[in-house]
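One structure follows; several queries about it will come next.
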């Protein structure tokens, strides 16, 4: 149902015929099975966000097709929902209202909405914070609200664009553990964009490495490690080295 | 109107009511209540409006009315042009714009003829007369309302005295409210009443060095929209009658009239003495026939204004004495006088029988005016009446 | 505000020690001195044009006691209120213009040309359209209010964070829901700013608005006092307008803090 | 602006296809129709108050050809310019008020009360202070300009990022250098915003400013045309004010882009 | 000359006698020799920034004293200059002007200023970007300008508050290497605040670990490793484990 397949997708910004056209992605194909956790690694500007945006339905591929569970993606919606780096919580809604927003859009009756909200507030451990506004929460707590809000609509595919980049190191670590815990309790097809090799190894089943622009799939590394993963384990260290090489391979520029 | 006698202020009884047909027509037009527009800041010349608004003279004739005060002439003009006001009054200048723009209004009566306009200099100014301004270097600044009767007066006076506008004097636009302050930098201002009195007598800040009388016969006009005359002439007649009745009422009770003025929001800040004096000067000084619309006389005088305006490119077409004359309709006032039993006058009451002056030939020889006339003109005199008439309990025979 | 080390300069230190309204009180004392001692000496006529605060105060007390000031204030407030209700139409219009580019493209040129025209200049046309009386007065105030609200609404919509819109879409919201639940809400703080500016400008248009056909209101009171040189009444009117303007603004700020507790500009 | 999918609604699609000024042209045509066909039917004289665009155009051509419009426009622009030079005093004052808390505490109450008082209400007092003539006219315009510049400067200073001030201090800058090199510069974009608003308000104060003592200027032209019921001239004056106001604003925006290339609000 | 000594410093925010007083730091003593590179590690809110601010002269200790080269610190200035996380470049100055700002404040003659500017532009590798404005630069390049600007005034102590937190992972790595390279060519006493254990080990001679609020010195770990440091070296891994334990020791809260 939540199987995500990306077939020969290319994305060109601007008029393909013109000089200024930017080829963001070229001929990307990926197949992510239902309930798999996939991380996308790549340099800045290689097209990670572009790829995610097409899966989320915000943009359309110039060539090729994205489909979820066999159905082509044509517009944004709850089936392929996205969690943003900036959390994108509605500042004028409290935690409960934020989480219920998607359910309201799905026209769920009041009672079901409240039940679902309670479930997901519990899941992310925000009991007691339901009536707080986003700006009254810490970065990590906001991220949890965003996750709960996205999960509450029961998406088939969950997309995340550098969800933890804005958090400090300790909080980030804690949130990564949290995400794994939640995902194991409620498995979804997940596509997570990150800049951090450690994050990718810690979280994903499958790490897709994109090349510099125009982005192509450089390699797909399967992470066979047991969860929770030990950073000091030899396999972990080996995987890290391998990914680092893949990434820095063509990293010549300094900034 | 025979047999019913007269009210104490001399109006023949009983009142004549307007027809239902006319009322229906007014209602259909959306002119019910009939709206009168008048310029608030002027006092004496507006007494008739205020008295009409605060007594039931119009109601008794079957008219429902509303009185709307405006701060200035242009406001009234705009209201009349939009048809929101159907009966208006104002000076000869704003009225000229109405004629120029072809708006259908006819003057039924004249108000406040020879309203005083003066050149007022600060009290301690060395100026004694307009001629003293000759050779001013730099040019003396005179505050006037641009495009008003006072500008006309001043330019006429300057020409007569031999002042050159631009070299001897320069004219600066100033509303009356600012002229009162005799602001720094002006040699003199040229306001009209009551501002003249406020500056010279109330505030005692200035002195008159010249007045309008030798250069121009000023008049205000009381007018109605043409449609009323065409479709509901009895309404025009009722307005004309009520106008005269109010004028007589004021003649009888000037102090009460002043009290009514004082109760107007726009006038409440004026001193009572001033108001009484203005009422006496601009309603009670001349014979009550001052209001008769002498189309030819005023037409000729006002044609001078039109020429002056046209020379300054302020109106679009040259207006002739005839155009002005046509803007009067004296039929209603004639009927009013008939009801009263008054003789139709041949000339305005301030023109002496032996007056040697000629319209347009300046300066005009002396004639009775607010400055020279110490006592009200006697009314009625021999020949003024065609029938017996009673006022304040006294009966007069023709 | 990043204030500097206050101990640095003796002048600043001295200023710090001054009670809060010292400058205001000083100004009033200076005014009293100029108006009742200095001016009458140099030119007694001028003194009537600049009444001393004591006289202004006496006049104010009189006007308050007689109920006149209250009457005019109420009349003006009523006009403001009615004009404001109509001016609120700028909000939906601004939403449409901010959100739909083609509507913006069509209407913006009209708005841009109409906007800088002073309310005072609309008087003749407004008499034609609204006749004389309250509607015309209200229209002039309305003009002062409308454009600030419109411009701020458009701007507020333009500045809505795109990520919020995307988030809403990604949670399944349709076009109408996005506008109602996200765009309007996100633009609200700036709309409120527009309302504040608009009420301020509308309040400043009072004097122009009550120039024609009004016989009540603070603007009328000032215009009227001008015609008889009652500068003391004028000053009372000015101070009342200034003060009430200030109070309206403060109330609005307060209301915003209560009603939009989540707004960023309130957070600081 | 996050425009929605344009293909969604036929009305939007239609709007998209309209040429840019269609609404403006439509409005003018409607006005022509109302003024020369519809109004004359209901009352043949109403058109005096609402002249059709064709007549306005004829009048405009006449006024331009005779040089009158140019003369008045120039006079108004000159007044604006002089008033603006004086209004720039709001910048140093705003810097002081924004930077030094005690100065703010002292002066803010005064500013807050004076600010909402309409320029029109200042006419009597300004005549006392400046007599009649250009200085008085300029003062009224000045009042319109001064407060927006002041308020924006204070606000701009208050919003200077504290970290920039710290950085300057940490690089050895003293108080004066911090104000001159950092605070002023950082506040500049908002000061420019204040200048834009101020010029706009000042331009709108024209009609009020040229009510007294002026015998030139667009405001005078409008006031004067009222006294002879020349609504066509009034409308020409209004449109000129609107249009020139728009041009001034555009020039200023352009100049800002050139002169403050680093400004954030320009970056977008 | 650039020896930094912090003696029994405590910082209390608010009136010490009142209820709401926040004890940010308690009795901190540190002694950092001239030209040493010291990193400060600690949880969010433990007082790292507070400590740095006192060394920079932005705040004064409630008790105790901070002195540089024997002289007490009383106000901000070039001797103890700070590099900020947000770069704090002056947006209205181009790269050259930003770098020269401090020199101007020191009233150096034009020519010396230009020479120094050239030296430091070269040092951070920004040749050719002198006339660019900050907003035309990438994050990493901005950080370099900030470093050049700070170094140009020849500070005795260089302070950095999470200088790389706003950079993405790859750029961060590159900038860390860069910083070490620059510091070795131009040694200064450096005090760097970070949330990242890896960053601390990679850069510092000495890592100071602060306890949770109120911050106290929990431990000072000397990093004896050769530079450049190999992440996969056993000693490195051991140090990392040790520091992680020190930090997470009292990390119970989740966000």
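Note that the chains are named A, B, C, D and E in the order they appear, and that numbering of residues resets to 1 at the start of each chain.
Operating definition for what follows: a contact is a pair of C-beta atoms (placed from the backbone, for glycine too) under 8 Å apart; a residue touches a chain by one contact, two chains touch by 3 or more.
Computed from a prediction, not measured in an experiment: that's the story for all the values here.
Asks: If you walk from chain to touching chain, how few steps can bring you from subunit A to subunit D?
Replies: The fewest steps needed to get from subunit A to subunit D is 2.
Asks: As a test of understanding: of all chains, whose mean C-alpha position lies farthest from that of subunit A?
Replies: Most remote chain from subunit A, centroid-wise, comes out as B.
Asks: Report the pair of chains linked by the most C-beta pairs in contact.
Replies: C-D
Asks: Counting only C-alpha atoms to place each centre, which chain is farthest from subunit E?
Replies: When every chain centre is compared against subunit E, the largest gap points to B.
Asks: Could you tell me the distance, in whole angstrom, between the mean C-alpha positions of subunit C and subunit D?
Replies: 16
Asks: At what distance in angstrom does the C-alpha mean of subunit E lie from that of subunit A?
Replies: Going by mean C-alpha positions, subunit A sits 33 Å from subunit E.
Asks: At what distance in angstrom does the C-alpha mean of subunit D lie from that of subunit B?
Replies: It comes to 41 Å between the two C-alpha centres.
Asks: Report the inter-centroid distance (CA atoms only) between subunit C and subunit E in whole Å.
Replies: Each chain's C-alpha centroid was found; their separation is 49 Å.
Asks: If I count partner chains per residue in subunit C, which residues reach a count of at least 2?
Replies: Expected reply: 49, 123-124, 127-128, 226, 229.
Asks: Which subunit B residues touch at least two other chains?
Replies: Each of 74, 78, 81-82, 177-178, 181 in subunit B touches at least two other chains.
Asks: Two-or-more-chain contact residues of subunit E, please, as numbers and ranges.
Replies: Correct list: empty.
Asks: Using the contact rule from the top, write out all pairs of chains that touch.
Replies: The list of touching pairs comes to A-C, A-E, B-C, B-D, C-D, D-E.
Asks: Residues of subunit D touching subunit B in their complex?
Replies: Within the complex, subunit D contacts subunit B at residues 43, 45-46, 48-49, 123-124, 127-128, 131-133, 211-215, 220, 223-224, 226-229.
Asks: Applying the document's contact rule, which stretches of subunit D touch subunit C when the two form their complex?
Replies: Of all residues in subunit D, those touching subunit C are 1-4, 6, 8, 12, 15-16, 18, 20-24, 27, 46, 49-50, 98-107, 109-110, 112-125, 127-128, 157-158, 160, 162, 165, 175, 178, 200, 203-208, 219, 222, 226, 231, 234-235, 237-239, 241-246, 249.
Asks: Under the stated contact criterion, what part of subunit E meets subunit D in this complex?
Replies: Touching subunit D: residues 56-58, 75-78, 80-82, 84, 86, 88-92, 101-102, 105-106, 133-135, 149-150, 153 of subunit E.
Asks: Could you please specify the touching residues of subunit A with respect to subunit E in the complex?
Replies: On the subunit A side, the touching residues are 43-44, 125, 138-141, 165, 168-171, 174, 178, 195-197, 232, 237, 241, 247-248, 251, 254-255.
Asks: Can you list the residues on subunit C that touch subunit A in the complex?
Replies: On the subunit C side, the touching residues are 161, 163-164, 166-174, 177, 181-182, 185-186, 188, 260-264, 267.
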